[in-house]
Amino acid sequence: MKQRPIRWSVYAGLTPAILIVVFAYIGTIIWTVGISFTDSRMLPVARFAGFSQYVRLFGTERWLTSIQNMVIFGVLMIAISLALGFLLAVALDQRIRAEGFLRTIILYPYAMSFIVTGLVWQWILNPTLGIEQTVRGWGFENFRFDWIIRKETAIYCVVLAAVWHAAGLVMAIMLAGLRGIDPDLWKASRIDGVKPWRFYWHIVVPILRPSFISATVLLSLGVVKLYDLVLVLTGGGPGFSSDVPAKFVMDYLFQRQNIGLATAAATTLLITLLCALTPWLYAEYFRAEKRKD
Amino acid sequence: MSSVSIRNLQISFGVLNVLETLDLEVEEGEFLVLLGPSGCGKSTLLNAIAGLLDIAEGQIWIGGRNVTWSEPHERGIGMVFQSYALYPRLTVEGNLSFGLKMSGMPKAEIARRVSEAARILQLEPLLQRQPAQLSGGQRQRVAIGRALVRDAKVLLFDEPLSNLDAKLRTELRVEIKRLHKRLGSTMIFVTHDQVEALTLADRIAVMHKGVIQQLATPKEIYQRPVNRFVAGFVGSPQMNFLPGTLVRKDAGTSFRLADGSEIDLTAYEFSRPFHDRQEATLGLRPEQAQLRPSEQHSARLEATFTIEESMGPDTLLWGMLAGENFSMRISSDQAASIGAPTDIYVNIAQASLFDEAGDRL
Amino acid sequence: AEKAEVLHWWTTEAQSKAVKVFADAFNAAGGEWVDNAIVNGDVAKPTGINRIVGGNPPTVMMMNAGKQFGELADQGLLNNLDNVAAAGDWKKSLPADVLEAVSRDGHIYAVPVNLQTPNWLWYNKALFEKFGVQEPTTWEEFFAAADRFKAGGIIPLAFGAQPWQQHQLFNGVLAGAGGRDLYLSIFRDKNPEATKTPEFKRVAETYAKIRSYTDPGTPNRSFNEAASMLTTGKAAMHIMGDWEKGEFTAAGWVAGKDYGCVLGLGQQNFLMDSNVFIMPKGGSEAAAKAQALMAEVMLDKDVQVKFNNLKGSMPVRNDVDTSGLDACSKVGLEVLKDPGKQLAGPDWLAGADMLNSLADVVVEYWATPSETPDEFADKYAAVLSEFQE
Amino acid sequence: MSTPPAKIHHVRMGEGPSGRAPKSIGPARIGIYAFLVISALFFLLPLYVMIITSIKPMEEIRLGGLFSLPTTVTFEPWAKAWSSACTGLDCRGISPGFWNSVKILVPSVFCSIFVGALTGYALSFWRVRFANLLFAALLLGAFLPYQVFIYPLVRIYSATGLFSTIYALVLTHVIFGLPVITLLFRNYYAGIPIDLFKAARVDGGRFFSIFFRLMLPMSIPMLVVAVILQVTGIWNDFIMGLTFGGLANRPMTVQLTNLVAPTEGEIAYNVNMAATIMTAAVPLIVYFVSGRWFVRGIAAGAVKG
Amino acid sequence: MSSVSIRNLQISFGVLNVLETLDLEVEEGEFLVLLGPSGCGKSTLLNAIAGLLDIAEGQIWIGGRNVTWSEPHERGIGMVFQSYALYPRLTVEGNLSFGLKMSGMPKAEIARRVSEAARILQLEPLLQRQPAQLSGGQRQRVAIGRALVRDAKVLLFDEPLSNLDAKLRTELRVEIKRLHKRLGSTMIFVTHDQVEALTLADRIAVMHKGVIQQLATPKEIYQRPVNRFVAGFVGSPQMNFLPGTLVRKDAGTSFRLADGSEIDLTAYEFSRPFHDRQEATLGLRPEQAQLRPSEQHSARLEATFTIEESMGPDTLLWGMLAGENFSMRISSDQAASIGAPTDIYVNIAQASLFDEAGDRL
């Protein structure tokens, strides 16, 4: 019996993706993991050094700080962006006058590069230049808003700028989700006598779960890759109090010319992410195959 | 068990007047069906009764109270939507109790009411399921249950069956009817499906372009439609419309068709005066013509059929009569000749006549 | 004309003018200068290195003397300049330490173009006169002067708390308040024990004390912003390298008249540092010619004087006419004549990894007022022991 | 024509309506507007600072007051930033970089979206044995910190002779854009009725012809989203352009950073801001023009998991 | 105008075997309806015929060619989907010509075919419209047109009417039937609506759980269902099932109901032997019982009706008989007493009897 011929065109269409996955992703991961076991400095060399880079890495306070910062930043930024974006979307969904105008205003920061975002916020937050200075100029001589120069608070400035940047995207996703909700549900709840905010909390939020997940995925991509913003906004300082892993990797990779340690850090980051993501990715995308034909 | 009374209701969306000075009285315990084509304002009227719309003018009274400006949940109504609008991600029990919980009712009372509603609607085994795991019929029951737990005296239905397939529709129709018997509550049911309207209603209000055309029992609507719109909208296959002229004669009145054939109208009961040579349209339902003459079916006409559709108990014939499309319903045990001119016999006493404006003669 | 793409990170106005001297001279000598300026050495260096590794190197690339280009040379990615050096008789005209710093395994791999030291104290003469303050030469005098300014509502010390500036300041304190021996035992010997000495403790205390004489706007402030605080009269003093003079010149300030200078508070050491240019392999025949021409042009006597005058540093050649130098450069030259005051800069002695790791500790110390000098010393020692060979 | 109401009974006439008359603006509505306005101010603040600063003369900036309106308005900073501000020896402003950026942007946006859409299409409509594996790898790829790519990519590009060419940049943007674009399109196509695909196959469509003639024209909402995301990302990219593009392809952002990094004794805030605004202009314009479609497109592609 | 023959077909999704060794012969020009409940594998079978699914085992022949492994477009088929799957953003003309363009046919030939199809389907005035601007019926015609331009000899329909409302469904059914007459092409039509199946089909294949239960003419399926599943699935309201026992007597056989009443089975035509006291189920369609005795309706039973549903031409009665739910269809001009026990008369010759396994006796 004749067999169904293989559809080569399908594979041809997937070739770019396959090549990229194999060479750019998997190849890079293998290379990165490999180098992390050498004592490469400015240029990669194949001198095996065991786990020495990892030992050093976890003895480095800056690395631990940057991991801690990533967690703080990630949790706060995602939580605040989701909350703010959701609230904005809900507000915009109330048949508001100038909806299009407001939506654009909320969304536009997402078009700005992190470099620009960092630059502007650095000015605004700079106590000798921005808000603190201005408010003092109004006569409140003791007003203080100097988070950016305080070690304990600098990371929150990064959160602030990142929320400014990303809340609009969350708003767009949430608004899209809200627009897809059956309007009859709203009517049903009014007949049930449910207060609007309770309706949103108990009914709408659960329905928007997929939107929340999409937004979280997109935001967390930004968390892992957070670099430019920190660089421009705080330079990782004061001290290295607002350092983040990507900047740590970048610094050791180039400025400090210690590729070995940098790749060890990258590998650690990767393994952490892998452990955190795999179960979730599996649950979200693969367990329930969505399409039927 | 409250009456609903709508007086001089007017509703508009921007410049569009959807309802203008509409009056409607629904009696206690009545099952009223709002029937009409898409976009005629049925949902708008229902939403106004429920308090989900702002009213431009007019009043709404439920159970003797003027509720024109009351909040929806204060009106003693329950509503079942086309999509059922069950709260997703809440269990059946959660759906039933959600409104009560939010209004701060004591737990024991909630539990009592939920179990009572679940008993009436036979939802007990399903209480822990989520809406997505329910069949269409079960969903509808939950949606009704949501009204029951709130002790609603008036139930509003907005096309609750139109998303379902034919079989389920038939079943649920019967179920709603049974429920109406059991609960005795006032029900207002919106649909654009005339089978639903005919089978369910105590009275039907046929709507068109925001105006109630006829408000009467199903039988009357079917047999004595007040105008051509109602006649054409109710009944499937549609009523056949044959244009012609009224001719007064010595012996009485007859109706002359486009092909020159005439039918004696003696058996027809005119409701209004008419004049000789007036143009009119004869409306004949498919079952008001038969292949064989009988006591009632006496007026002979000639039709040519091209298609025969067997529908189980009866058969539909499709063809032409006096240059118009014509359909006829016969019993399955009869046989028609397809393609050749055929004599048919019409029950003129039950037919309808309409003047040029479309109103019943 | 031989095209030469030159990658560098000299982008301030003064630096640009200085680079233009090279460019003009190179063009005049028959080459074609293609300028590739990338702001910030931390970005420019990796970019250049990546391009070298990627096989599309710039013809000429700026570097710091010392350990940094060693690995590139080891991997055979750089052209060796032995022939050019022999032709130009560099042995005779360049200081031995500098030659050592551009060599690797006895071969010369880079063209040094200047000498500079990062530990100058610059001050606003007008302010000094107004407050009747004498030029300080030790850290004690510095603090005394600073107190006067603080009391007078002037920021005593302009400062930009970027890591490199902090580290540079600290190294200045280390050499000035801690002394030569301590300095060398740390950078050259990488001896953790050195941090247990009283000298080191004094260094740590001095450094911490400086903090209270700066304003709150220091984080992430660039050096020329800090310099402008002097020229605008907001601050009285600034500790920075020779290149600061370029900023002053650009602002129309004249050395000795508008601003004064003190080299190396404390022991007056000259922490030798030099900008060098490397010549990566991989270009064409023409590129090699351009590279040779470039080396020649850069070390030309006239070019050296003109360039260094604009750049604010000192000519690397010891056989040029120094009469045209400004007052402060003359101070530097004076100091340089005493070998006992010459100290190899940290970059010449240690690799980037160690220096940056030390910088981390220093930066953190600055940003953490609660950290004691002893805690700091322990952390500092920990880094050193990690890099001990 | 309508029959009059049958009868009126047991309704006490004259009783007023219960409840309160509907007001046009309630406190909730005021709260919503207040919240929106305050948020809008928060989002507008940086833009305001940028614009206001860019049209102030330096003397005024020196006086302080980042937020105060200018007393004299000047557009000189804009002119300077565009055509005469210096970075290094180059005093042509940011205009040359602008064209470089356009040169990079157009093919990169085009290619990355094309590959992403094609992959998403293949994964959602065609049965491919290792589809899930490929998709998982792509999703993981999205989470890789891009710093670690740089060195291996340098090696790959130099081995293939692409290094320092525009192709290397385009390829790089394809690599980094692929996961998110694929995800978006896969979700979008999951919402397209499979019957449409089947109809096209019965009609004789093959893999590519269905994609080009049917799916792509139907993907406009998603294409808008993808274009917006990619234009923003690619236009704003700095490291990739610097590392892989070579001198000839240096994008505008590199010049911007050169420019805004201190170049003189005193920072020319107004010129910097003018340059910043000009650099951000392209994505901003794209947003302002197509923002309406953005929400719609997001609805189609991002809402489902 | 090709025959379709399916031999030993087997299809599975992962571990789930949807179809197992299915055989089916469709003759040239035949109108075959696949009828069955949701999930029984109708679409799967249709997709397999179209080549849209990978087949585990078996063969598919169309027009005498083995097309088991051919691409869909090489099979000479056209397919009309439930949602019509018109290409949005293309005009009607674009929709019709899309497939031809993709196959690179010359422009002139495309134009000829499109205008030919448009003529047959009366789509000429609509050619420049987009699908969104078309009514349901027009969309369906376009979807069919897509098959016509490709000269498809076999047309496959996957529930093309199930998204429409009752009125439109009736109209389009007739239109499809007309088209079949005109084109004479082989048509395979999937539906789960028995009215469609009965009215359209030359033959109906009733499917259940991936197995064809009965393949016969509509009349036979309706009147002589081979098993209880087919009997219950076809007909609306459903056939009434009354459990009881077969009792052999001297005079013949009779059927004893749960309430002890007996019906004489002499008129019933058994198709298989049975034994005395065998448990069986009597299947009675609603119209196989009447309120008044007649020649055919002779066996008397007693039922109690609780609900009366007027459906225009006739009325449905719902109630109980011998402890079972029971429904009956009477003509609208008759009247039943609701609530009191009523005598009814059964046409036993047309009734069905099933054994314990559900097969026809």
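When the chains are written out, they are named A, B, C, D and E in that same order, and each has its own residue count from 1.
Keep in mind that, in the parts below, contacts are C-beta pairs under 8 Å (C-beta built on N, C-alpha and C of every residue); 3 or more make two chains touch, one makes a residue touch a chain.
Please read all numbers here as calculations on a predicted model, not as lab measurements.
In summary, the chains found to touch both chain A and chain C are D. Within the contact network of the assembly, the step distance from chain A to chain D comes to 1. Counting only chains that touch, the fewest steps needed to get from chain B to chain C is 2. Counting C-beta pairs in contact, the pair that comes out ahead of the other among C-D and A-B is C-D.
For the pair chain A and chain B, the distance between C-alpha centroids works out to 56 Å. Chain D and chain E have Cα centroids separated by 52 Å. Residues of chain E in contact with at least two other chains: 47, 52, 54.
Of all residues in chain D, those touching 2 or more other chains are 150-151, 198, 206, 257, listed in ascending order. The set of chain A residues touching two or more other chains comprises 129, 253, 293.
The part of chain E that touches chain B in the complex is made up of residues 162, 165-167, 170, 173-174, 177-178, 181, 192-195, 198-200, 218-219, 222, 234-237, 285-287, 306-307, 309-313, 316, 318, 329, 332.
Of all the residues in chain D, the ones that touch chain E in their complex are 127, 193, 195-196, 198-206, 209, 213-214, 217-218.
By the touch criterion stated above, chain A contacts chain B in their complex at residues 182, 184-185, 187-195, 198, 202-203, 206-207, 209. On the side of chain C, the complex with chain A involves touching residues 42, 45-46, 49, 53, 68, 71-72, 75, 161-163, 215-220, 351-353, 356-357, 360, 363-368, 379, 386. The touching residues of chain A, counted against chain D in their complex, run 7, 9-14, 16-18, 20-21, 23-29, 31-32, 44, 84, 87-88, 91-92, 94, 96, 100, 102-117, 119-121, 123-124, 129-130, 133-134, 137, 164, 167-168, 172-173, 175-177, 179-180, 196, 210-211, 213-215, 218, 220-221, 224-225, 227-228, 245-246, 249-250, 253, 259, 262-263, 266, 269-270, 273-274, 277, 281, 284-286, 290-293.
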